[in-house]
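Shared chain: chain A. Partners: chain B in the first complex, chain C in the second.
On to the complex of A and B.
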């Protein structure tokens, strides 16, 4: 009996001394990534979204995204559609929350009205693309539970399980680049039956203000439907100095016109 | 005619030398045969392919059109589970909770991409000024009585649900699971889905015994194809027993029976090896190949064995002499009949349905090997086995039998003209009837009522919705054009027109989504249940709606990436293939007459592909049949060494098929794809009767100097019995196949039975009559010589 106790104590001491649990390590990495990106305040960027089906038929949309950094709660963002023509000026405003569902509004210029979007459905595709709304929204640490899997060529592989039961995924497997400010290189998405659904690859990274890594291209491939969506970003502008007023419903209407 | 005599002597000499060689080297020959059969057999690999796509060749235009549509939207194979609660009301707290939990479980189906059910239906409504999209019934166990009543009212008014997911009085509902099979190995993927779904249903029934569950859809169809293949492969065992019994009765000799068994087993082993070497995956039509080979191969052995035993019993020859003599007499006839059978089966390659290519090629290979083994392993084995004979025992019964055939011969000889006329009138009448058959490839009716897929599908058709559908991909001609009000109005008009058609059960069109969202954007005002009349509005409503949909329930299965085309799915009652084709055409014509050109579309769907399969197969087989007829007639001319009789043989060879389809018109009146191949196939088989009868007739004329009438009687006496026995063996084989639960096989076997019987009757009545009538002008062939 005595021996067992000693062994257990000894083992736990070794355990604590050498490594955290995979869960702790995972959370630590996510927090480090968040910290690395802290302090950008606000940004604005133009992007082109290209949808491609199995046969290579494509369809394009062009968008402008503005983001406001918040520390006490999730970031705020505003997306404006510049094309196709019949949705030009349509814009969405999102308040991400660290806990609970995000708030989201859509401005429809054709009827000059702002409509709230059902908050419990955010796992559907974003404008017919392979991105779900939840893939594009601000990645708050609190939205997942974490498990560190392995380290491979300087990449830290972490499994993230969404907290929200309405999420379309059972888990995501994220590769963080330890040497490049914990920027994300790749995310694999597993659907509700835990089969690999999509892979998102980030490329053409650029370092802004000597601190913030931003990818020039997001490429999402759906392995089940063989469809693809590519986001191509122009240069980020970190000097827009946006404020809370630029992320209100009034601003939403204004942005669309 | 010296040249011909030389050829005959040569072939006789060859056959004799062959026989002597085989008998002398019996052990080597036997071991070589064994090694060949085992060697081929070891390459054997029986894999099944149940995917319904196997019925369509790569170049099939209906398949191409359907694949193109699926690639534009989503590839949808499905399982539909139909739930019938015993209280005949879906809308109770317990029932809704049960449906909700089964829906959640259904998401775990392998390869599933979407699950549509009553509870997760995305109900759209206005809440204040906002668009609200949510599950029709979420967390159903917490709902109050009034909330459940509200859900019921909403559901029964929802055009997207009624007659698709829910019946009109709310007593039966469905869960539709869409799966996206990678299509890399259907033999693995389909059973994986099926096993999961079956277990899910079993668990559900255990937890909720008040529910009846029926399942159908494309995946269960594929499974039914799989299972039909395996069941029909099992028929081989029954046929094997029949072969043993028949051989024993006909030869009354245990060693002959063993030798026959060895030959047919070797032939089948070789054919199985062929399947493996060629990488053929078995499908219901091709899985009957062992039974086919058994049926056809046994005749070769029986001919050789009966002659040998006769020579021993009647003429008192020694075993070796009798064997050599039998080989000499039978080598050419067995060669010729095998050749015609092989030609007949190879013509299946002219068709447009790949499983029948496989059936034709495997059987043709098996028959070639059967010929080889019948002329090597069989005599070698008979030379080894201690066969004894009881001389002249059955003389009396033989005489009686001979008398029966003689009587028939005399009967025919007395009135050839009258019999010819009567036969031709009957054949003419039945030929006319044969044209009254119509094609019907309703794939559900491929399975008889002993198959669960069939009964479940019938239940679903009777109680909830249709299983057959047609899809149109309707273009707008411009990127984003589906939001053009003109397009939406035309689409809506098409939807309305379809709804009015009597055979239509349900229509799923994008115009319904546009109407529904427009209504909700106007505070659920029924007056706005119409398509928006402004393009920007339509586009922005759609954007809002799409942003509101959850995982897996998006519009990608209905709208293409460019938002320039939408998919219209029409569910149809069970109608015949011909009506299905007419309906699809009617829809195409309506679009042509009422909409601008970009909106013109052709109807496509698996149902339609099967509907057109029979016609396509018939068209493509036509050429093959003509070639088979020419080739086989040429073989006959060569075998009989007589041009005129070769030409005459076309009549008894072609008429049985006409008679067969004439009788079929009276029996069923509907023919399927499987029956299209019977012309070439039966031609190769029934031609044997003609060959035997005509060659004996000719021998009597040429060698014995008989006149036509005497020659006919001689032919009856010498081959009458042989023809009857081989016909009986063939009938046994095809009768067994006709018990198949799979109509492509059972109908094919049934009409073959009719054709084989007709062939025998025609060869006994019409053929001799014609032989006498055509011989009258030149009284004796010998005189001509």
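On to the complex of A and C.
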């Protein structure tokens, strides 16, 4: 009991000394999480996406994702579909921007066409899944405003409000694990009416290169439709040494063939 | 089937195969092979009585498309092959092709492809003006998006000033037109062998093309030039009314531009084509706007509008001189990828209109069903091309199985 009081006093002194608002604390946590993941340069991973409807029927897709880390601006990513077979080779190239809308191209292998597409549709579902495009895009600090809510069992709970009015959410409630490199354990999504829409839980975390935490499973549950999407990742490859040339329209076509 | 005429395919295939084996053995442990097969059953039905003698109304058909690729050197080197065969009521639509068969090597900022390949250029939806590298597979589909494999050496260089593509095109492929039993043809069945070349080197004329493409923020731009045997034959008539069709040697400069701003895509394509026989200018300009995730459940509805202009005289294989295209793309973004495209092209100077509907949906994990309808309405008698198709309204249903 005595210890608790001392801790509380100590914390309030620190809190007073820093005079930190919940907004500042929230931003600080988001920045700490970003910093903890700095320096991975590039990675590539294969994943299986399992879509489950409310009756429990499932369908699967398999994809390959390559990511290039950029510090000046948002990351670049290239996603290639390997199945279902009728869309095999369909690929997207995304240049995330810290400020403003992302640049995105779609490659259609049947007619060999690269098409610049609007990145306006952030809230729409990614290939019929419970993941919206914005859930899968690179998480840049600048894309949200923050408010620290509480600390619970080593988890820092932070509310994030999307800056972009085109987002499908009023807010997200994110649980950071401060003892594990600020990795994210859970995200709750609140729709435009501020009702709980989805919960995303991360599990089967693995530490790569002694620094980078990557979850092996993302499980997204939609509470309103009772549908579910599970992403299962194979091992990440952080030794691919990808460069800007691997994230061009030329590379997009090559990846889809 | 014109097997002899395609024998050059086989020669190139054999040549490349021997080359590839050498490569494959060196890097054996990193080889990744993939093989896919698509089997398609199709039924086309033309409800109107045919305009010309010999034409059929019902066209059951099957097609097969095998695809093979092998990659090594972390995907920076590959061999890609796609074959195609269709069996149809119309003898000319019964055809086979090597859509692609090429070796590719990429290294940092350059890429080299050698073999038969398919290239797409352009941004608009209703007409593909700048797209000129491949010959159109005119018997395969009405929209002209199916292409014949083009022999080439393609070198791509990526720089800070954009991508530069250089194409060496050593062989020209003739367009195949529907046969006697086929629809969507002219009163006289066009024999492709009877179509000559302006160039004395004929199909072996050594052709070249170059393209520069780049993007700056919201702008995607492409500038291209092609010099060689044209892909569209010209139909000329002498004093006694006999027709003389030939492939002219052309110079074609093309520009394509897209501006992507919020949910708007602004699109522009234009070409200037010159030859001994004919010079002309054509453009397509339009926009696409998408209302996305309308029901909060993924429903996207896009609206498209494009203006088409072509200052060619009437002796061209193109019916789009001064027309408006309007359309709507509906995507459910459901697990089965259901999508529908409806549209219409209306001639601003006559009553002619063509309406179309295309829908597709995946069934299970490895089947796909497609439905297509093209409706020719109030076609003006003075339309050089379209007047022949006035009775060729059709419905097409196809089911594909992917292995």
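Points to keep in mind about this one:
The definition used in the following text is that the second predicted complex is superposed on the first by the 239 of 257 C-alpha atoms of A that agree within 3 Å, B and C clash if a C-alpha of one lies under 4 Å from a C-alpha of the other, contacts with A are read in each partner's own complex, and residues count from 1 in each chain.
The rule is short, and it goes like this: a residue touches a chain if its C-beta (ideal position, glycine included) is under 8 Å from a C-beta of that chain, and two chains touch if they have at least 3 such contacts.
None of the values given here were measured: they were computed from a predicted structure.
After alignment on the shared chain A, the placement of chain B and chain C results in a clash.
When the two structures are aligned on the shared chain, A:86 is found in touch with chain B and with chain C.
Judged by the touch definition given at the top, the superposed model places A:217 against neither chain B nor chain C.
By the touch criterion stated above, A:36 is placed in contact with neither chain B nor chain C. Judged by the touch definition given at the top, the superposed model places A:51 against both chain B and chain C. Of the two partner chains placed by superposition, chain B and chain C are both touched by A:111. When the two structures are aligned on the shared chain, A:248 is found in touch with chain C, with no touch to chain B. In the superposition on chain A, contact of A:103 is made with chain C only, not with chain B. In the superposition on chain A, A:168 makes contact with both chain B and chain C.
Clashing C-alpha atoms with chain C after superposition occur in a single stretch of chain B, namely 547-555 (options considered: 223-231, 547-555 or 745-753).
In the superposition on the C-alpha atoms of chain A, the part of chain A touched by chain B in one complex and by chain C in the other spans residues 51, 53, 59, 84-87, 111, 113, 115-118, 120-121, 123-125, 127-128, 168, 191, 225.
The touching residues of chain B, counted against chain A in their complex, run 71-72, 74-75, 107-113, 129-134, 180, 479-480, 483, 521, 534-541, 543-544, 546-556, 559-563. Every residue of chain C that touches chain A in the complex is listed here, in rising order: 36, 38, 69, 74-75, 78, 80, 104, 106, 108-109, 111, 118-120, 122-123, 145, 156, 158, 163, 213, 215, 217, 220, 258, 260, 262-265, 290, 292-293, 296-298, 300, 333-337, 362, 365-366, 368, 400, 402-403. Residue ranges of chain A in contact with chain C, taken from their complex: 51, 53, 59-60, 83-88, 101, 103, 111-118, 120-121, 123-125, 127-128, 168, 191, 225, 240, 243, 245, 248-251, 254-255, 257.
Every residue of chain A that touches chain B in the complex is listed here, in rising order: 51-55, 57-59, 81, 84-87, 90, 92, 104, 106, 108-111, 113, 115-118, 120-128, 132-133, 166-168, 191-193, 195, 224-225, 227.
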